[in-house]
Amino acid sequence: MDFEYFTQLFFGGLTRGSIYALIALGYTMVYGIIELINFAHGEIYMIGAFTGLIVSTVLTMMGMPTLAVVVLAGMAAIIYSCAYGYTMEKIAYKPLRNAPRLSVLISAIGMSLFLQNYVLLAQTSDFLPFPSLVPEFEFWEPYSHILTSPELMILSTTVVVMILLTILIKFTRIGKAMRATSQDKMMAALLGINVDQVISATFVVGSATAAIGGVLIASHIGQINFYMGFIAGIKAFVAAVLGGIGSIPGAVLGALVLGWTESFFTGYISSDYEDVFAFIFLVVILIFRPSGILGRSQIQKV
Amino acid sequence: MLKLKNVQAFYGNIQALKNISMDVKEGEIITLIGANGAGKSTTLMTICGIVPIRSGEILFEGQTINKMPPNKIVALGINQVPEGRHIFPYLTVMENLDMGTFLRNDKDGIKQDLDYIFTLFPRLAERRNQAGGTLSGGEQQMLAISRAIMTRPRLLLLDEPSLGLAPIITHQIFDIIKKINKDNKTTIFLVEQNANLALNVADRGYVMENGVITMTDTGKNLLANEDVKKAYLGI
Amino acid sequence: MTAKQELKKSIIASVWFMFLTFPIMVIKVNTVTHTIDWRWHNMALVGIGSFFLSMLWRYLLKKKEEGGKKDKKAGLSFIQRLLQEKQFALPGILIITLITILFPHIFSMYQTNIMTSALIFVVLGLGLNIVIGLAGLLVLGYAAFFAVGAYSYALLNLHYGVGFWIALPIGGILAALFGILLGYPVLRLRGDYLAIVTLGFGEIIRLVLENWNEFSFGPSGIKNIPKPGFFGIEMSMQTTTIYVFYIVVLLVVFTIFVINRLKNSRIGRAWVALKDDEIASQAMGIDKAKTKLRAFALGATWAGMAGVVFAAKTTFINPASFTLWESVIILCTVVLGGMGSIAGVIAGALLLILLPEYMRDFGEFRMITFGAVLILMMIFRPGGMIEDVRKTYKFEK
Amino acid sequence: MKKRCKWLAVITVSLFTLAFVGSAIAGDTIKLGIAGAHSGDLASYGLPTVNAAKLVVKKINESGGVLGKQVELLIEDDVCKPEVAGNTATKLVSDGVNVVIGHICSGATKSALGIYKNSNIITISPSATSPDLTLSGEYPNFFRTIAHDAVQAQVQAKYALEVLKVKTVAILHDKGDYGKGQAELAQKYFTEAGVKVVLFEGVTPGAVDYSAIVTKVKSKKPELVIWGGYHPEASKIVTLMRKKKMKTTFMGGDGIKDDTFIKVGGQFTEGVYATGPRDISKNALAIQAKKEHQDAYGSDPGAFYDNAYSATLAILNAIQKAGSTDYAAVVKALQTEDVETPLGKIKFDTKGDATGIGFSVYKIEKGAFVEQK
Amino acid sequence: MKPILEVKSMTMDFGGLRAIDSVDLSIDKGQIVALIGPNGAGKTTFFNCITGIYTPTAGDIYISSNGAADGKNERINGLKPNVVTRKGLARTFQNIRLFTSMTVLENVMIGCHAITKAGIMGAIFRGASTKSEEKLIVEKSYLILEKIGLSKYVDELAVNLPYGAQRRLEIARALATDPFLLLLDEPAAGMNPQETMELDELILKIRNSEGISILLIEHDMKLVMSLSEKIYVVDYGKKIAEGTPEEIRHNPVVIKAYLGEEVAS
């Protein structure tokens, strides 16, 4: 098929991959630091979207200008997601620091269920319309049939988030502490790093990216409900593993590869088996590269 | 400088330290020897706040430190090179050293210390951009000690620096330990399996058995002690 | 800690949770009337609730920490001891047998029915326990084998009129084949990578069943699957329910028997060794590939048989019964019950399946409670309800 | 140790107590079971039915009940899962329900119906649209206040052909029981009518976005897109289509003929066609039912609300007319007695489908479904 | 007599890194041979190649289990670790690798895995042969523990043992596989002089009473010098010396690379 079709699928996959990446980052950071598959991470994304919706609606009703609404709602979503991420770690994971890994996993599953049903009960089971926070950009008009303005927004935000995150990890004090903690917790503590604080910070940063993802995707597709975090969470997790869990560039790469895989498979073959293909692809990658695309191969010292 | 008063600690359900009292004076090298599992490493971990203390008191320069989190203790100037070295495997040598400066802000001081380390261990300077995990055992031990020096400790705790090292490297490391003590007036608390070596460099020594301090004396006297000879020196 | 400090901590917790739950609990925007419903009473509830709960929480955590000091031997629970004491074995078995035989006659059909469901999950839990609890392989797609069993019976019956009793072993064998099929490529993977690949495998099976209409009738499923026959005798609904109950009980007994035997055998020990240390196990002459595949195959066999029974019990199956959620629930039964422990897994499965059923009266609050129970159980009893006690081998001269 | 023992005992005792609480409540009431998804991802389809039944029953009880008895609701969750539905059904049967409103999903309904059939319990579903539930004749105890999918597919094909005059169509569905069934029927009728089906594919419900499939639809250049499934995915797809400047007509079934669809999809849903039960918005009872919901819950009613409302009215009316809760009598009353409901005047044919539920095509104009003549 | 283990110009590369560079080694029946060298010289890698954990990049490894002149030479490169064990090569690990959730007895029983064969069916039906096999395993394991001097710990969890005892348990476990060659990776590491002396006796006992040959990696020069009949020294993956303890002690190359002046003197 023609080149334009290919381009459209390419950008479609890129957008989808960017969203996966924003969620996958949280997964991979948390995994990197405490080796936990944080099943409840998708719920943080959902809570980010809900907070964004509630705050933006309230502010709109109060008659605020659109730009202020967008900024404030985005901020609120991030702040609250971070707060939930932080609290979640303190309640469900911190008391299990020395417990078997599976126990922590079950605790995470419990947390996921709890948060889903908490939103269900406190808000609604219905789908709620989410306002388009991103306007149609005039300047983008000639290309918008290939890549719509909101999609462009998602892509550019993702890029910005990636850059900020890279700076955070590579060049800041807390980033330095995160790198040390993820490789050797005890040694990190012996060098004066407050490990508990670093773990909390990781959850907070991961939650912030998830919240950004939640608000962006919600305003892009225009609706949210309490269950939206589940599938997105699973997909993002797959992406994180695909890229090599624990590795930040890996999460981004894995997410993009997953997004493209799904997009091209749907475009050129069939969306019926889209997920089947995505999973088979994952299995094949892991068979040949058991630690994911960019994962560190874990050579066991004998 | 450091005082342990009737310290008790547990590892899980097992009591690892039973009423330990010790005393470290500024500027000296003291050593703690004993069999494997006697509680030597636990003593160090308890001082650093990694293993919680059950009862008793630890004082550093007159200040109680036993309720402090590890990072606060490090900030006071106590640093440990743990058993097994614990190099960050995916960070380069430079990055590993950089981690040691986590609590420091004095750029000039850091630079100075770095130069000092590279004169001590020219090998590390050669390998500054190599990942920590790819170094040989001896190099890793050098790096671990260097990283600890980068924190500018006033009290340096060393846990089994000779473990698994070739004889020639072991001797080098011990020479360096003496040098660090002399150059910087760093107080050194050495836990060692190789009692012979340790007692030779130490001003004073403690002997530990099953979580209890059974003997303390100067290094020389302990070397000459019949019981110590039999049990730890293999003579 | 002083009371004042405690109070301060609780007040901080209270304020924090009021802040945390503010947008979601307090504000409800109505997009129809464009009004905002400010539910301030919720905030008060959260504030008061978290104040007291945080006190309780800290108290419990403190107690848990102190509990860790106790001697390990005394930590053996009442049930664990009961299971070990020989003199209780016979009366215990008698009582349990009596209860099971009488159960469907004392309780209503509904009770029997959900007990049957729960027992099917006991079989599933025990099967997964081979893979996870004994061999230490984290499988997140176990429901796939369950689906293989259920669909083998449904399809074999539909196309060839194969009866329940013949389908039962076939379902088990087919599932075992799938177990090997999955196990083979993932032998090298461990831990979380294995988990995600098996999760993918589970989803693949479900999605294929959903999309391949010609084969599996897609999402509309297969209905009118016959209940198990008893020498061709027509049975009433009531009798069939009881009959199915007894079949499942027998299956459970058979499963327990086999798993107990396996656990204390050469193979069982090899699994545990492999779980503890793969490299050392290989150095002891254990064939890693073969041993792992055996675990996959055996674990899957039980899921397959449970699937056949499940299809016969519900008489209708569609892919919706074999989602990731089912896999997760089965995993929860194993971990919550106590990994490796047969009694634990049974208790875990009964609790996890029966609790939501009996909590129906809590209506909408049951799932949130369920989530909270999972978290609390893991924090305060991380080893599961009944922890595994391995058989001690005695040398008699 | 002792404490642990106690703790276990407490759990066991409370479990058993809980088990008996349900069955302990008895009395001279008419028991109406409400079964459907009340939690989980499909809760939004099940909960409106609960609300509808509650409102109707409240009103009837206040005016003296049915046959002089109060109506009691037994609400049970089946999460739309077949195996849970089986348990739900047994539970309702054990609790002695007289009739059941439900289940919501066709799959769950199929697995529950056998149990009700064995116990002679009439079941009215407000939403299970799988054709063979009634057409197969296997379940004489089954009725529904919604037209089955085949009717809709025929209406869609007819309208597309005669009014829209399309020659090519793309059919999408959500891979679910309901959606895929609908899509397959549409494929059948469109093909029979000589329309070319250029694309027939399922999409994953709940996926993060649908731009790939929308791109694919765009490349196939169909004149019409038929959607089999519910409104959340539909509104995501239609929103994307419009954002990508596609003007292709979009048509769905009763799964999207829901005000939430317009609310959620907003301006992008303008011009979308949906088939659904004949317009009832001017029906006095329907207006009243909607108002009752707004008064009681402060929000617009959700999916299948009117169908559930009508089902409750119909069954209670049939019991009243039959003079007892006797199975045969109530079945007869359902089939013979007309009843005024929000859906209009309905009764049921011998297969169990409601007659009098006409099907119309709607077009969304200015944010509302407007019936097309 | 043929050597029971013969390694011919074995090379092992990891990516671009050459960990072992064309090393030859041979052990005769009943010999105690030591492999020494600085850390990172490739000693453990050498063990891993022989025991099948790695497949050497080049070279050959032959075994001849009875050591008789007409015995069959068997090439074992690239065989899986479990197969190598079944052929009669057992090993211990530098960083103790015991089965932590098992008791001392069970640890040794796992060692018997290679020499027993009960399968799934045997486990389920537990026929006469399985039963007697089980009994045999328990008995054999117990006897080994008695010989190694660990019988008082039988029912303890392996992890609760004192350090020295854990090292010995590893040896006991390896013996349970019925080896003709035992490879010990730093058996004295972390032991105090007393324990080391006992280890010395134990190794000699194993060799003398069972005729099992021993290849060991060790840093404790006293132990190495007193036990071994032949010593190989490696550095940077290359063999730099080979000979009797006396020859090695005075070899200038070895002194420079490994021993240092003090030890040599």
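Should a chain be cited, it is by its letter among A, B, C, D and E, assigned in written order, with residues numbered from 1 in that chain.
Note that in this section a contact is a pair of C-beta atoms (placed from the backbone, for glycine too) under 8 Å apart; a residue touches a chain by one contact, two chains touch by 3 or more.
Everything numeric in this text was worked out from a predicted model, so none of it was measured.
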Fewest hops from subunit B to subunit D - one hop per pair of touching chains: 2
Pair of chains joined by more contacts [C-beta pairs], A-C or B-E: A-C
Chain whose Cα centroid lies nearest the overall Cα centroid: C
Geometric centre distance via CA averages, subunit C-subunit B, whole Å: 48
Centroid distance [mean C-alpha coordinates] between subunit E and subunit D, Å: 71
Centre distance in Å when subunit A and subunit D are each reduced to the mean of their C-alpha atoms: 34
Residues of subunit E touching at least two other chains: 53, 93-94
Residues within subunit B bordering two or more other chains: none
Of all residues in subunit C, the ones touching two or more other chains: 31, 211, 279, 364, 367
Subunit C-touching residues of subunit D, taken from the complex the two chains share: 1, 4-5, 8, 11, 15, 18-19, 21-23, 38-40, 75-77, 80-83, 86-87, 90-91, 93-95, 106-107, 110-111, 114-115, 118-119, 130, 138, 175-177, 180-181, 184, 202, 263, 294, 298-300
Interfacial residue positions of subunit A with respect to subunit B in the complex: 173, 176-177, 179-180, 183-184, 186-196, 296
Residue ranges of subunit C in contact with subunit D within the complex: 30-33, 37, 74, 77-79, 108-111, 113-114, 117, 210-211, 213, 218-221, 223-224, 236-237, 241, 310, 313-318, 320-321, 351, 354-355, 357-361, 363-364, 366-367
Residues of subunit C touching subunit E in the complex: 258, 261-262, 265-270, 272-273, 275-277, 279-288, 294, 298, 390, 392-395
Contact footprint of subunit D on subunit A as seen in their complex: 1, 5, 8-9, 11-13, 15-16, 19-20, 117, 120, 124-129, 144-145, 148, 150-151, 217, 220-223, 225, 227-228, 230-232, 235, 262-264, 266-267, 270-272, 274-275
